[in-house]
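For clarity, chains are labelled A, B, C, D and E in written order, and residue numbers in each chain start from 1.
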Amino acid sequence: MQNAIDHIVCGAAICKFYTDETLFTVIEFQHVNKWYGSLHVLRDIQLKIERGEVVVVCGPSGSGKSTLIRCINRLEPIQSGEILVDGRQLSDPRLDLRALRTEIGFVFQQFNLYPHMTALHNITLAPMKVKGLARAEAEKFALALLERVGMQDKAGAYPANLSGGQQQRVAIARALAMQPKIMLFDEPTSALDPEMINEVLEVMTNLAKEGMTMAVVTHEMGFARQVAHRVIFMDEGQLIEQESPETFFKAPKSPRTKLFLSKILSH
Amino acid sequence: MQNAIDHIVCGAAICKFYTDETLFTVIEFQHVNKWYGSLHVLRDIQLKIERGEVVVVCGPSGSGKSTLIRCINRLEPIQSGEILVDGRQLSDPRLDLRALRTEIGFVFQQFNLYPHMTALHNITLAPMKVKGLARAEAEKFALALLERVGMQDKAGAYPANLSGGQQQRVAIARALAMQPKIMLFDEPTSALDPEMINEVLEVMTNLAKEGMTMAVVTHEMGFARQVAHRVIFMDEGQLIEQESPETFFKAPKSPRTKLFLSKILSH
Amino acid sequence: MRYQFDWSVLWSGQTGQWLLQGISTTLEISVLAWLLAGVLGTLSGALRTAGPRPFSALSAFYVEFFRNVPLLVWMFFWYFGIPLLLPRLAQDWLFAHGAEFWAGMFALGVYHGARFSEVIRSGIQSIPKTQLEAALSTGLTVTQAYRFVIIPIALRLLIPPITNESLNLLKNSSVALTIGVAELTFQTRQIETYTAKAFEALTAGTLIYLVLCLGLSAFMAVLEKRCAIPGLIARVTPAEH
Amino acid sequence: AETTMEKIARTGTLTIGTRTGSPPFAYVNKQNEWVGFSIDLVEQLIIPSVSKKVGKSITLEKKESAPATRIPLLSSNAVDLIAETMTDTRSRRDSVDFSLTFFVTGAQFLVKRGSPIKGIKSVGGKRVAAQQGATNAKIIREKTPTAQLREFPDQPTAFQALAQGQVDTYTNDGIQLAGLKAKAPNPRDWEIVGDFYSYEPYGMAMRKGDADFRNVVNNGLMDGIDSGKFFEIYDKWFGPKGEVPYPMSPEVKKFLIYQAVPK
Amino acid sequence: MDFSVIANNFSFLISQGLLGFGKFTGGTLRLAIPAIILGFILGIFIGLGRLARSGWVRVPATAYVEFFRGVPLVMVIFWFWFVIPVLLGVPLPEYTVALAAFVVFEAAYLGEIIRAGIQSVPRGQVEAATATGLTSVQTMRHIILPQALKNMIPALVTQFIVLFKDTSLASIIGYVDLTKAAQIVNNREIRPFELYLFIAMVYWLCTYGMSRYARYLERRLSHA
């Protein structure tokens, strides 16, 4: 454990940790379909995300972006197709779902911090209960993470007393506390006041630079341009386009993508 | 009334209607102070808005932007100083506040459409109840307004069945239905999905072009740059800066403005 | 005929003692029933939101059946109906040890357990689903997520409606007079029959209930403030009795 | 305020408070009719007397009363007359007026056949059911304080408790116990034991200080005794073929006749 | 167990006890329905009173609610049965007593529901109405009340169920409702288990029906 902390705390080391290995698919969607009742929300999705890759998902409201990434850690079940995480099939009945989830960090639009716990306690809960870490050790690690997201001085604060941006940074630290191999973000900045968006994007950018595998649903096109390796456009449950940011913004193929970009970029 | 409808419906005429007169101050803040309990939210505000002018107000969260514009139609009382609308003192006990409010349209961040009424009925309610218009007349006018905001085909829809952007456009039509001389907007696009922001900004831009006097709290800097005559920056209840958009974005004076702009423009 | 007030009936003779006995019986039966209701309500409320299918169905049945029949009927049912189903020995023991008290206690506890269950269920359901998802996605089990996240939040949110329900339980203990439990309302009536002073007797009883209820709710308000989670507004269910 | 006679004249009804579960004085029979000895007395003796006095026909209205509620019912004007099994006592005469005595009995115990309880001496330590607000409870409290008294709001709940063995005995006036026993599903399971440990003359209660009404009620009863109608009604309920056979002793008959003063 | 007692007395229990047709003053529904309607009307005044700006209205309304929420219903029934007639000097028939007690008692709870319903309408709605120049009365009538009523329907139905069950307490004063009818039959037949189980089922059917309806309304309204 001590080792792991050192890894996390010095970002560079982490980067090494992930990129030393040869490129390797960590998330794979194979012909995935999902319905809510009669609503077909994911249509034959095929998608691979490689280790260390940062993928931005965008698309109109209701197009299935949230559903897509929520399927990865099985917050939502799928009805057909297969999702593989690190080579393991999610549909496998012998799969230890909890262990898998500890490898996947999830950050929500609405932060979802536990309101009755301090920032520090929010972060230490899972390491203590799931990994069985001693309090002292968990707290040491949590403080390191808080420092990393620039929140070291707010360890004792309750969520209600933090601004949106601060809450989201704590939520990121909480997800990192389980030392995940993959981080998923569902519109992490869209509930934030504009001045606070940057502080969160900065934390995410650093994480990406350190080599974390990330799937990010967001409309922050600046972030997509600068940080993403690939941008995915979804519409009506379909994966319409996946391109490098340059191609995506300069020469989108599908007319739907063009229309969407024109709406979202002009203001 | 028929006359008025014609005016509104053909934008150009309206433009004339407002700009024929010589420049004239419609809103004036004289040393305005406001407290919430012990919190000093407006500090010695001095501000003039001319007829036909479009003013954008920006600033960090909690700086008092909403409070500032809500004082104009007395949704909030002030504790010292004086606000004049069209030369009339708001503190004057003989002032007919209801009549004044009909001259000021207000558009809210959360739309605040009446959920139990159709779009059309939302718009006709006040003209019928306040101005005593007959239903037929009120509806004719309302339909013209709906067309103007591009919503003519949704007259019979209930707010719950409209997207955010559509709701906000109906809300703008509702405010216009009282033929206000001034329109106030409190973050009209910040509760919207990104693809819908443009459709609302477009309506607002057209309104501005027709010569409506507008005060807009927004973080949409593109709108400010293109449409505003003046941009105001507030912080901690103080009016820090008021400049033309060019000066404001290129050469802000105060360091606080610079910091804010750096946060908000970089992503 | 003019009514002659005579407040002295409240302290002359045995009346004072009767009132005290009434208060103590009311409190005893309420506290015991409250504990029973608490256990039943928490169990069935939690099972209904998260339990395995047969248990949640059973809980739903329990809640819907007991909540929807008047307490008075339950009083008769537990007092006159249930003992007949017990073995003779158990009956004898029960009858020798204040059966009416226990029947009243069970009627009250089981009935209010069903209502507690509803309060607890709506409390748990008022916590956004994403809160549970957040806990699950850090690798906590469902049980752990409930134990450390959902229930602690729910409990705080539940203080006001639980207080309300507890007061209802206290007030409803008065229905036990119909099966001869000598609680406060019973004793009030007793005073009245011995003295023929209805007004005075009822005033005394009413005031005592008011003091008990208002006192308890003031106490719970303090507790609520002490346990409040910053930024969370309480009030889960509307008033109901 | 309005006197009772004025009220009756105005409304055309006499409202009585009576019981739903005290056979044979007042109870609801299998046809779900509200009948009984007390009710017959009112209908056949008192109503004619009242009608004659006010000069128009009067209808009878019945409401339920119980020991604990009857005095409040009277004082709140909800009823004009209590006609059930109410014992005339001196302390009650502080709050209400009574008519002539129309029945005489005394308290006894109803037990399961074979019970060790034989009378008021043997109820010490036993669970004794009584009606809340009845005279018996008061007397037991005074005479055998060691008895565990359980008070019930009305007779049926008390009997129910006895039937289930929740209590060892139920004490009430002998005649009521006899009525209860006669109406019970298995009358032979029950036994009435002990001497009268109290003297319970039943009277009809009225609001205090309304002499006119009391006279009208008493006249009705006396006319019935004089004409023999009273004894016919008695026979209907308590005669050999009656609901609860309970022959009238010569002493009681003499006492009743002596109550009827000359015209 | 012998359920023939139910068959033999079915019509008495249902027509006299539940509906109120028969020789006795009684009927659960005959009491519950007017009590619900009148209680609701009084509740509107209490609820609006609780929200009034003037302390002369607000304080008494609040005291009213706090008082009745601190006292058992049985107590209130006794007050109306024994004391109020003495103070007023007029007799009250048990139907009036029971009705008055329920209306007065339930109004406190219904008033709270109405208040909560009004307060559940977002502030923004009032501001929007104000900003277009509607008067406060117009705002109340066209904007707040229609929405508030819709919001409180589920709570109201729930409270109506509670009231329906509470009417069983009227049996204490000799009102022949369903519970009292069962008691009367039981006095004669001594079959408590069967009788009380039967009326429990009758109550259950009525209230469960209402609560299903409340659920349905809740679901339907939440979609809108």
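Structure notes:
Heads up, the rule we're going with is that a contact is a pair of C-beta atoms (placed from the backbone, for glycine too) under 8 Å apart; a residue touches a chain by one contact, two chains touch by 3 or more.
In this text, all values refer to a predicted model and were calculated from it rather than measured experimentally.
The fewest steps needed to get from subunit A to subunit C, moving only between touching chains, is 1.
The chains that touch both subunit B and subunit D are E.
Identification of common neighbours of subunit A and subunit E yields B, C.
Which two chains touch most often is answered by the contact tally, and the pair is C-E.
Taking the mean Cα position of each chain as its centre, B sits at the greatest distance from subunit C. Chain centres here are Cα means. That of subunit C falls 39 Å from that of subunit D. Centroid to centroid, with C-alpha atoms defining each point, subunit A and subunit D lie 84 Å apart. Note on chain placement: the centre of subunit B and the centre of subunit E lie 47 Å apart, centres being C-alpha means. Inter-chain centre distance (subunit B to subunit C, centres taken as mean C-alpha positions): 53 Å.
Shown for subunit E are the residues in touch with two or more other chains, namely 82-83, 86, 172, 183, 186, 192. The residues of subunit C that reach two or more other chains are 3, 80, 84, 177-178, 189, 192, 198, listed in rising order. Among the residues of subunit D, those in touch with two or more other chains are 1, 72, 75, 153, 160. Contacting chain pairs (ordered by label): A-B, A-C, B-E, C-D, C-E, D-E. Residues 73, 75, 98-99, 101-102, 104-106, 108, 110, 112-116, 125-126, 129-130, 158, 160, 171, 174-175, 177-178 of subunit B are the ones touching subunit E in the complex. Residues 1, 15, 20-21, 27-30, 32-34, 63-66, 69, 72-73, 75-79, 153, 155-156, 159-160, 163, 183-185 of subunit D are the ones touching subunit E in the complex.
By the touch rule above, subunit C contacts subunit E in their complex via residues 3, 64-65, 68-74, 76-77, 80-81, 84-85, 167, 171-175, 177-178, 185, 188-189, 192, 198-199, 202, 205-206, 209-210, 213-214, 238-241. Listing the residues of subunit C that touch subunit A in their complex gives 128, 130-131, 133-141, 144, 148-149, 152-153, 156, 229-232.
Every residue of subunit C that touches subunit D in the complex is listed here, in rising order: 1, 3, 80, 83-84, 91-92, 95-96, 99-100, 177-180, 182, 186, 189-190, 192-194, 196, 198.
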